[in-house]
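Below: a set of structures, written as structure tokens.
Note that chain A is present in both complexes that follow, paired respectively with chain B and with chain C.
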Partner chain A sequence: MQVFKAMFKITKKRLPSALAYIIVFIVISVIASSNASKDSKFEMTKLKICIFDEDDTSESRELSELIAQNHDIVEIENDRDVIIDSLYYKRADYALVINEGYAEKLRAGDTADIFASYCLDESFSTVYMGQFLDEYTNSVKAYLSMGMPIDEALSCTEEALSQETDVSMLRNDKGGDAHYSVDFAAYFQYMPYILISAVFIIVCQVLVTMNRRDIRFRTNCSCISSSKYTFQLFLGSGFFVLAVWLLFMAVGVMLNKEMYTGRAWYAVFNSLIFSAVVAAIAVFVSSFEPADNILNLITQVLGLGLSFLCGVFIPREILSDKVLSVARFLPAYWYINANEMIADVIPFSSEGVIQCYLIQLGFAAALILLTLLVRKVRYSGAAISTNVRKTAVSH
Partner chain B sequence: MENTVVKIQDLVKRYGDLIALDHFSLEIKEGEIFGLLGPNGSGKTTTINCLLSLLSYDKGSIEIFGREMTPVSYDIKKEIGIIMQNVAVFDELTVYENIDYFCGLYIKDKEKRKKCIDEAVKFVGLEDFVKFYPKKLSGGLLRRLNIACGIAHKPKLIILDEPTVAVDPQSRNRILEGIQELSRNGATIIYTSHYMEEVEQICTRIAIMDKGKKVAEGTKDELKRMIKNTETITIEILELPDNVLRDISGLDHVYDTNYSDGKLSVYCSGGKHNLLRILDVLQKKELGFGRVYTELPTLNDVFLEITGTALRDKEE
Partner chain C sequence: MFLHLLKYELKVGLRNKDLIIWLILFPIVLGIFFKVAFGSIYEKTEKFSSIPVAVVEEKENEAFRQVLESIENSDEPFLTANFVDKEEAEKLLSDGDVEGIITTDGELSLTVKEKGLRETMLKSFAEQYKIRERIAMDAINTAPEKAQEVISSLTSETVSSCRKIPLTQGNPDVYIQYFYNLIAMVAMFGCMTGMHITMQNQADLSALGARNNCSPVPKSKSVLACLVGSFVLQTICMVLCVTFLAFVLKTDFGDRLWLVYPTAVLGGIMGVTFGFMVGSLACVGEKAKVAILMTVTMSLCFCSGLMMGNMKAVIAEKIPWFNNINPAAVISDSFYCLNIYEDYDRFITKLITMAVTAAVFAALGFLASRRKKYASI
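Our next item is the complex of A and B:
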């Protein structure tokens, strides 16, 4: 097990920098998963608005009260510099000035120049508030044109604008299982990218060191067979990937605030199988001895590519059929497929999840075979075309 | 009669249209330090790679220790040590760990391995550096580590592929002495180089390669006897009349002369007292001369005469 031991020693030397990466990844995934539950709820956005009522009539006060019902009113000195500063430092999102003559103009159905506002740019709050004021004045004008008196028009407008629409999130059913919360599903959802990045950064670099031309030359001259050497590389990579996976699982327990139970075990096994796939990809890629910069590029392309194509970052519902049909040939697709079944995003069936496991294992097996083939062609002793005679292997 | 350790017969290796080895044959006996001499591209490394089954070949056969060498001849590989021009060690492992790794590819037994590592460390004189990382070692010490990694498992056949390239003279001498000691301890050594002085210094037998062919083979004396030139006499002389140059050219055993920049070069082939006879001609003509020196033929002269090109010129 010389190769395995050497791999272990080299990994140990690189561990401090590797740990930094892993910790960063864990923090990112914890943040990402803690944000997941927020995505499943809808709530009205409240803006911080300051109102300067220069008209000071019952009509203008009524508008101010209506705004106050839906937003937070902040008190700011009516000074241009102070207002600009407040907007800049986000103490207020929008400053509304109800111009003098507002009530009079509104009664006459004239809405030109009844408001002034301060804003830094065309931000969301500017558009949101502008739309509200347009809606309000248009509504009042509509009621007035119907012959209503101003008091009644204002109260009808207030009533109409106070109506709320029920909003339900499409993915709110995610995490339907009692043992598999929304947060937890998100934690496993992002794991492919994190695993690929963490494993590639460490395992691939160690493997590239092991596969360095001069070292490989010397190793090939020794009496260790190519398949034994490759087996030990797989074992070393698997050992490290397993350690990283266990770390992620331990963080998962902390995040879930309880041990894995029920359906969560499916997700745990799913991630373990995907870890094996990642280890196989890492050994395969390193067989080509990429340079450091190429390796970083491959890590990004594989990490981001698989994540975007297979629905790690983007929900698969919004991916086109063409993209999904390509993604079917990638292992991360089947990982996400199993994960979505476990999270009840698509109907759950244990057979379906196991099928996803088997497909992922198939990818891992194919990659191992490809690696053996590549190593045989690139590294092992020559296949002598003449007088091929395999002698007994003895060590 | 010594046993044959390496037997290469009629080896042909092609890279497309290029013939890297052209019906190359070689036989190396047990205990020899066999020098493989030739310029870059002459086929030395291809020969070594074929010998180690790292390259397939188109025709011919290779036997090591009397058995056919194939990529899976691990019982043969077990007895071979390889030391390359480039230092092949792990930067992340210490001197001891590096030797342990490469030795461990051959020797499984921990106790036996430890003994071998300690002996290898002592042999190359790295006792004080076992806990050092390669990056902390000087160029010479790195080369010694490279050698230790190749010989720790006590191979019977050691292949050294230009192990002294870019090494300071002190380390070079130590390495060459080490190779001779390995030979005294019973190892058979194949030494490839384009440094003729080194090959002359340590090799018991030499093969000269050019364009994938073996152009000459023998001990250094045998090789030198193969060529016409046995002695080159150089005399510093300010003026040399043409008739005197003709007289010298006409002397027995002188086959060529050259006078330029105040230096007379006389090329002799065999014969005795050539220098005395030339000086006699000069004294009779009452011509004064300065320094006089003679040079015996070098391997470069052998190479020059056989191939028509100087060995060093071909490097470029």
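Our next item is the complex of A and C:
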């Protein structure tokens, strides 16, 4: 097991920098998963509205209160730049200005342009609030025209507007399982990016060192057979990946504040399988002997690319169908698919989850075969002799 | 002498093909991924478009039909209705072809699949009916002589009570900030080229460094030449990156594209000086230097929203000063200012921040690398 042992010796040297990476990625995944639930705009039925009441009369305050009953009011400084920032970064969905003279105009029944709203674009929230305000002013106008005094008209309007229509849900869409909540699923959701980054840093750096030309030439002329050598490489890489994975699972337990139970084990197993896929990718990439700084770029391309295409950072439901049909050919898609099933975001079935497992394992197997092929071609006697000839010529 | 050194620095940089190719390929590949993934999200989720809805008529409701038709014939229809039977409607809803089912059975009722703004809009549409009915009833009860007038005023078209004040001429697509952050990341990756300057000038790290140290050229001159050479290479990368994003992927940077270029270049220069500073300050081997640079760079990019778009807003709420000093956030913010704001105040502030940061990084790098003696290597 010399190869296996050598890998550990190299790792020991690289441990401080590897630990730095791992700590950073753990911090990122913890921050990301704790902010994840705020990101999904699809649960939003309440808007975040900021109101600038320039009229400041009892009528305008009454309207503000009515809006506050159905939506969240956010306080924002009345400054153009601040409003733009808030609307762009979705700290507020709608910025309403109740113009001066609102109460007088309303009483007179002249409802044109009594409000103003700041907007960046024609979005659903501006259309929705525009309709609401029109409905409100029209109703008040109608009551006023019946000869009611203003305060009575306002209270009647409020009463009329408070009627509700029954809404039935086709399916309860909240998702989540007693053992595996949607919030905790977010931690596993970000894991593909974190695993790819962390595993690549450790495994690839070791493998690239092992594959360095002089070391490889020396290994090739030793009595160890090439299949044994490759086997030990896989074994060693598998061991490192297992260590990284265990670390992430331990952090998961800390975040969950209890040991995994029930369905959460499916998720744990899912991430183990994905780690195996990542290990296979890492061994494959390192067969091409990339330099250290280039390895970092490749890691980011693979990590960010897979994550954005397969719905790690952005919910899959808002990705287009075309993207998702391409993503089916990537392992992270099936990881996320299984994770969403386990969290009940899409209907759960144990066969479905196992199917996702098997597909991921298929990817791992295919990558291992490819690696063997690449190594055979690149490191075979013929390839080496051309290499040697090239170096001889260049000297 | 300076020009001579500069020439060789450029030659060394260009011959180190792998790094240059990857620095150029990197934004191209990720840019394509981003374009594929986010290209249509904004149009799909945020920008207003009419809501498809299935209508199931258990009982004929002529008035409702008329209302729907009048909505569909307006300039910007708020919803598009499909008249179908119950099974068909449920199939459409579960396939996601419609957002909700409105059933007319004396009263209107609504079935939806998700909870969201569009569903809420459908709900308030259905409620409008009840509200108008109620008002009409009230009118008949309290002032029967005016009831006809009230009802006709309710159904007639009215002027909008709310005037929209558009705040920007720029591109309001919030997903474009992933591209800003991509450029920021490429700029920050300039730290790799910046770090190589120190590799070439520290005698204990490379043979080239040892040779450079025993030459009679003042260190300030040779390091400055290396730094300028790296700026040139990084500038080429940044220009290619922005050109690819703007012209091949057709990313909309607003109407001041010519200012995007110098911003990206300045960002790249800041990235190079960052690598130069870290490389000079940290007296460790190449691998450790790369590790420090990568972890810091990735954390900064994470905080500016490369992985999660709302990260910058979260930080703005909790530790607002951090966004003003995080180099990655400053770079992506300056693109945002160019796109969204009409005036240049904030944009210029960001540019000055970048220039000052780059100057401080370079100065620290120079201070750390001067007067270094290598007694034995």
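Everything below uses one rule, namely that the second predicted complex is superposed on the first by the 240 of 395 C-alpha atoms of A that agree within 3 Å, B and C clash if a C-alpha of one lies under 4 Å from a C-alpha of the other, contacts with A are read in each partner's own complex, and residues count from 1 in each chain.
Note that a residue touches a chain if its C-beta (ideal position, glycine included) is under 8 Å from a C-beta of that chain, and two chains touch if they have at least 3 such contacts.
A quick note: this is a predicted structure, and the numbers were derived from the prediction, not measured.
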| item | value |
| --- | --- |
| Contacts of A:Ile354 with chain B and chain C, given as first, second, both or neither | neither |
| Which superposed partner A:Ser222 touches (first chain B, second chain C, both, neither) | first |
| Chain B versus chain C as contact partner of A:Leu369, first or second or both or neither | neither |
| Partner chain(s) touched by A:Val377 [first = chain B, second = chain C, both, neither] | neither |
| Dominant toucher of chain A (residue count), chain B or chain C | C |
| Touched partner set for A:Ala160, first chain B, second chain C, both or neither | second |
| Chain B versus chain C as contact partner of A:Ala142, first or second or both or neither | second |
| Touching partner for A:Phe115 - first (chain B), second (chain C), both, neither | second |
| First, second, both or neither for A:Ala6, with chain B first and chain C second | first |
| Chain B versus chain C as contact partner of A:Arg14, first or second or both or neither | both |
| Contacts on chain A seen with chain B and repeated with chain C across the two complexes | 14 |
| Touching residues on chain B, where the partner in the complex is chain A | 50, 52-61, 67-68, 70-75, 77-78, 80, 82, 84, 86-93, 97, 101-102, 104-106, 108, 149-150 |
| Of chain C, residues touching chain A in the complex | 18-19, 22-23, 25-26, 29-30, 33-34, 36-41, 44-48, 78, 90, 93-94, 107-121, 123-128, 130-131, 134-135, 138-139, 142-143, 146, 149-150, 153-154, 158-168, 172, 174, 178, 185, 189, 192, 286-288, 290-292, 294-295, 298-299, 302, 306-314, 316-317, 336, 340-341, 346 |
| Complex interface listing, chain A residues touching chain C | 14, 16-18, 20-21, 24, 27-28, 31-32, 35-36, 38-39, 41-45, 47, 80-81, 83-85, 87-91, 96-97, 111-135, 137-139, 141-143, 145-148, 156, 160-161, 163-171, 173, 193, 197, 201, 205, 290-294, 296-298, 300-301, 304-305, 307-309, 313-314, 318-320, 322-323, 326 |
| Residue ranges of chain A in contact with chain B within the complex | 2, 5-6, 9-10, 13-14, 209, 212, 214-215, 217-225, 380-395 |
